[in-house]
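Below: the structure, in structure tokens.
Each chain carries a letter (A, B, C and D) given by its place in the written order, and its residues are counted from 1.
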Amino acid sequence: MPGTLTDIINYVIQTALGVVGLDYARVPEMLRIGAAMLIACGAMLGYVAVVALFFGWAERRVAGRIQARQGPNIVGPFGLLQLIADAIKILVKEDIIPQTAHRFLFRLAPILVFMGAFAPFVVLPFSETLVVSNLSLGVYYALSFAALEVVGVIMAGWASNNKWSLYGGMRLAAQMMSYEIPMGLAVLTVAVLSGHLNLRTIVLDQQGYWIFSWNVFRGFPWAFLAMFVFYLAGLAGSKRTPFDLPEAESEIVAGYHTEYSGMRFVIFYLSEYATMYVVSALTAVLFLGGWHGPIPHVLAWDGQVHWEAGPVLSALIGMVNMIGKSFFLMFVMLWFRWTYPRVRVDQIVYLCMKVLVPLGIICLMGASAWALVW
Amino acid sequence: MVQSLKTDEILVNMGPQHPSTHGVLRCLLKTDGEWVREVWPYIGYLHRCKEKIAEKVSYIQFMPYTDRLDYLASANNNLGWAMAVERLTSIEVPERAVWLRVLAAELNRIASHLLSYGTFGMEAGAFTPFFYGFRERETIVSIFDQLCGARLTYHYARIGGVMRDLSPETAKAIRRFLDEMDRRWVEYNTLLSDNEIFVRRTANVGVIPADLAIAYGLTGPVLRGSGVAHDIRKAAPYACYPKLDFKVCVGEGLKGTVGDCWDRYWVRMLEIRESVKICRQILDGLPEGPYQAKVPRILKVLANEAYVRTEAPRGELGFYIISDGTDKPWRCRIRAPSFCNLSILNRIARNCLVADVIMILGSIDVVMGEVDR
Amino acid sequence: MSNQVSAFIGYWKTAWRAVVSSTLGLGVTLKHLFSRPVTVEYPKALPEVPEGWRGWHAYESDRCTMCRLCEQVCPVQCIRLEVEGKGRERKLVRYEINYGLCLFCNLCAEVCPTACLWMTADWDLACYRRTDCTIRFHETDPNEQRQRLWPGMKELPARAPKKPREAAPAEKAQTP
Amino acid sequence: MSPEIVQAVIFYFLAAMLVVSCAIVVFSHSIVNACFALLFTLLAVAGFYALLGADFLAVTQVVVYVGGILVLLLFGILLTSPLPIVLGVATRRTYYLAVAAGAAVFAMLMIIVRAFWAGQPAVPEQQSTLEALGMLLLGKYLFPFEFASLTLLAALIGAAYLVRRNDR
């Protein structure tokens, strides 16, 4: 069975070349690896773009319905084509760089932010086989690149040469730096429970009876609490309401991307949704059983999953489960956004240091005790 | 200059184009990181010489201009101006007209407070209350459609009466709205007032002690939020208010200190309920009779002066008219509540966070049309 | 010590309140998510405006006595009236209202002794040029004028000029 | 094209990035620019670690240096002064000193590499170092590890005590 997405792509290329009549083995190895890398990267980029576009629509649609409005519903069925219209609109927009901005850093910042948001996609598993790279460091790697995002945002805030932007950058930096701690603690809780940092192993570990083998229930109550810690910290990390201080519209206009327009703004926008997806997917992987859906477990009542459907169908089912869970968690983010007010800059630190960090430590200690007992 | 280089305080312009400065208020913030050391409000970006216009148009003609003072509470402004001119000219107003004016004013108070609820929520970062507030305000606006044919600048009161009688259908619509408002009010509180994040954002923020509020001449919910039970409708009753049963709502410091942002907000929420009560009483006890007194087309007024104060949604609205015997005022001075209330911003928005300045400004609830006149 | 105890209790109370109030708030928005929107799509569904809406004027020149009261009472002088001749020979040559200035205060309609000027329920007053704001009521049918200015809005229900109200309210009030 | 060539290409790319960004850090007159250039220096070092198969170190480099130290530097610079600080121009003497110090460090590194790792392959087998690292830290080197963490904890508490307000 192929191990990773790269292998699958290789397999597909091989089959395709075989149909044409070329021998895949004669293609130089580095070329094969390079092609697989490029295709995997392109697939992930496309996926990020689709997720961002879909949630760009869903956000407005959900907002509309929650607020007793219609939401986008003119362009296409349910307004779904609104995204395409918006994409075209924003692509042809003028790209403005303020005269007093630091031109190089101003251009570099969105790229860094996107790099930070996009890097974790490398390790996000969609099913047992569908993952770009099966890093043994999985979670650690996924969380580490938030740092790049922080620097990118500070860079954007500083290079814009706008005081509100600088405020936004500083706020985000303070927020993300502090929220990495509870996030790390929540991840450690899971790591202690399953003994791995590798996302695939963590998910495989949650295989079993129905939903009770998922980490949320298996490590009850520690992993259950840790899930909330992780999700809230992730909300703060992806700057979503109630932690959207870096772009708090009513306070600092648009925060660090006040001066950005056109394509560069889209990159920030993409990164926000990419980060949201990463947080949701990580929550699903770490706590909610990843690609394990409740139904196959019911069918295979002996505690083992029987993918009688074969590798392709099982990959598809896993993908549906995984994406469904992630999308539900993203929907919760939208729901939060249209319900809650924003916390203040001191309260966000209070929440982190006095609520989430102690809670995370309790979870970690409890989970350690669990791990020692069993 | 050299000294200013060493400090780490920066001056930031908040406004005149800023999402939460209620129009075109410009605040200059002296900030030290997130901490705001001082706030200077700069006004005048919406100055339209309203008081000067009053000297150039007749008493009747100035009425539509008053719509545009506090454009969120036109009916209250109309009421004030009509009463001032009537006191100046000693015109007797039919009882029914008085009650209808108060009905309009109270409906408008609800509309204004609803908008305040929405924008305050929005300033706290919650978008949805804004739309809910606007949804109910829209119902009121539709009622005004039927009542006077306009949605924002009502021009409902006239010198000596009101423009149009209340039709039975409109009365029914108002009753329906009032019943719905009772349900929605609970929902508003679940969504915003009781939300812990919101409470944390507003409680103990921008506290105005009672003595300070009186010293600054604050009026309206801003004063009552500080625990001072001062309401012109009770303190110096006018129109039909003596015959109505309602309560003066004051801030009690339920979530924090008396006189904080949450109290001011809560006073507005309570006043919505009181106004609903008042509207019901008016609909029940509306006297029969004409709705317009006979008023000459061109008002000739003896040289005289009059000051009339009314309780607008934002506080004490005063019209001071001096007449010189012609059909136009010689001088008109408008005591706008928002203007006086705004004066305290510099005093209370010190040593707080940028986010607090927004909340304080929102809780004072200024309307720039009234501040700049 | 008791201070710390109360602070400890307060911490948990706050946490509990936060959880409960947040959940209740989510309930409110969830309820709305599945309820019907209250808004309508504007160009498809036109808003119903009630009788007596203070919209765009209607003017019946046959009954106009050219008394100029409307011109005088207008607070912004947006009504322009030109009359030629004297006495019974008077003839109206110009009756314009500049909607760029108009306050829609209804004073002109109220003051009109013959009720030949009244405000209709026509609310779509947008136009592209500032000069288009001035409607010449003497020239042609104002309805047609608006259609000319707004060719895209032809599906707007053309409202037939309504019968004027019997008398202006100010006069009606004399009979209690 | 063999993997060794690709690794060499990546190595020289990272090395170029490292040298250029280091030069900007050293020679830039704007401290904020120097700080942002430091980002690339640190990332290049992380890249070297990854190239050497030290995956845990590479990720840790990003977390600690980019996410922690660099952001702290930026914080310090941006919050303490509203204007970018213009660094003083180095004199001839400081140049000589810098070159001498650089040469000394280079010589030291060469001696270490020649003495201890001579004959070993430049690029080891690619496998996760995570388990080995964990075993060493919590086994053989448990005492130094715990000692270091206790020292850091003490430093943390001390820092918290120092910045605490006097009025409480």
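Heads up, the rule we're going with is that a contact is a pair of C-beta atoms (placed from the backbone, for glycine too) under 8 Å apart; a residue touches a chain by one contact, two chains touch by 3 or more.
Model, not experiment: these values are computed from the prediction.
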Query raised in the report: Touching chain A and chain C alike: which chains?
Result: B
Query raised in the report: Taking mean CA positions as centres, which chain lies farthest from chain D?
Result: C
Report summary line: Rounded to the nearest Å, the gap between Cα centres of chain B and chain C is 22
Report summary line: Whole-angstrom distance, CA centroid of chain A to CA centroid of chain D, is 28
Requested in this report: Averaging only over C-alpha atoms, locate the centres of chain C and chain D and give their separation in whole Å.
Outcome: 68
**Report entry** Where chain B and chain D are represented by their mean Cα positions, the distance between them in whole Å
**Finding:** 60
Report task. Please list all residues of chain C that touch 2 or more other chains. Result -> 22, 25, 28-29, 32, 38
Query raised in the report: What are the residue numbers in chain B that touch two or more other chains?
Result: 10, 33, 128, 135, 191-192, 195, 197
Report summary line: Multi-chain contacts in chain A, i.e. residues touching at least two other chains, fall at 66-69, 170, 338-340
Query raised in the report: Can you list the chain A residues touching chain B in their complex?
Result: 63, 66-69, 163-164, 167, 170-171, 241-242, 244-245, 248-253, 337-347
Query raised in the report: Which positions of chain A touch chain D when the two form their complex?
Result: 28-31, 105, 112, 135-137, 140-141, 143-148, 150-151, 154-155, 158, 166, 169-170, 173-174, 177, 180, 197
Query raised in the report: Which of the residues in chain B end up touching chain A in this complex?
Result: 10, 12, 18-20, 33-34, 121-128, 130-132, 135, 191-192, 195, 197-198, 200-201, 353-356, 358
Report task. Spell out the residues on chain B that touch chain C in their complex, using ranges where they run on. Result -> 57, 60-65, 67, 128, 135, 138, 145-146, 148-150, 153, 155, 158, 161, 163-164, 187, 190-192, 194-197, 199, 289-295, 297
Report summary line: The chain A residues in contact with chain C across the complex are 62, 64-70, 73-74, 335-336, 338-340, 354-355
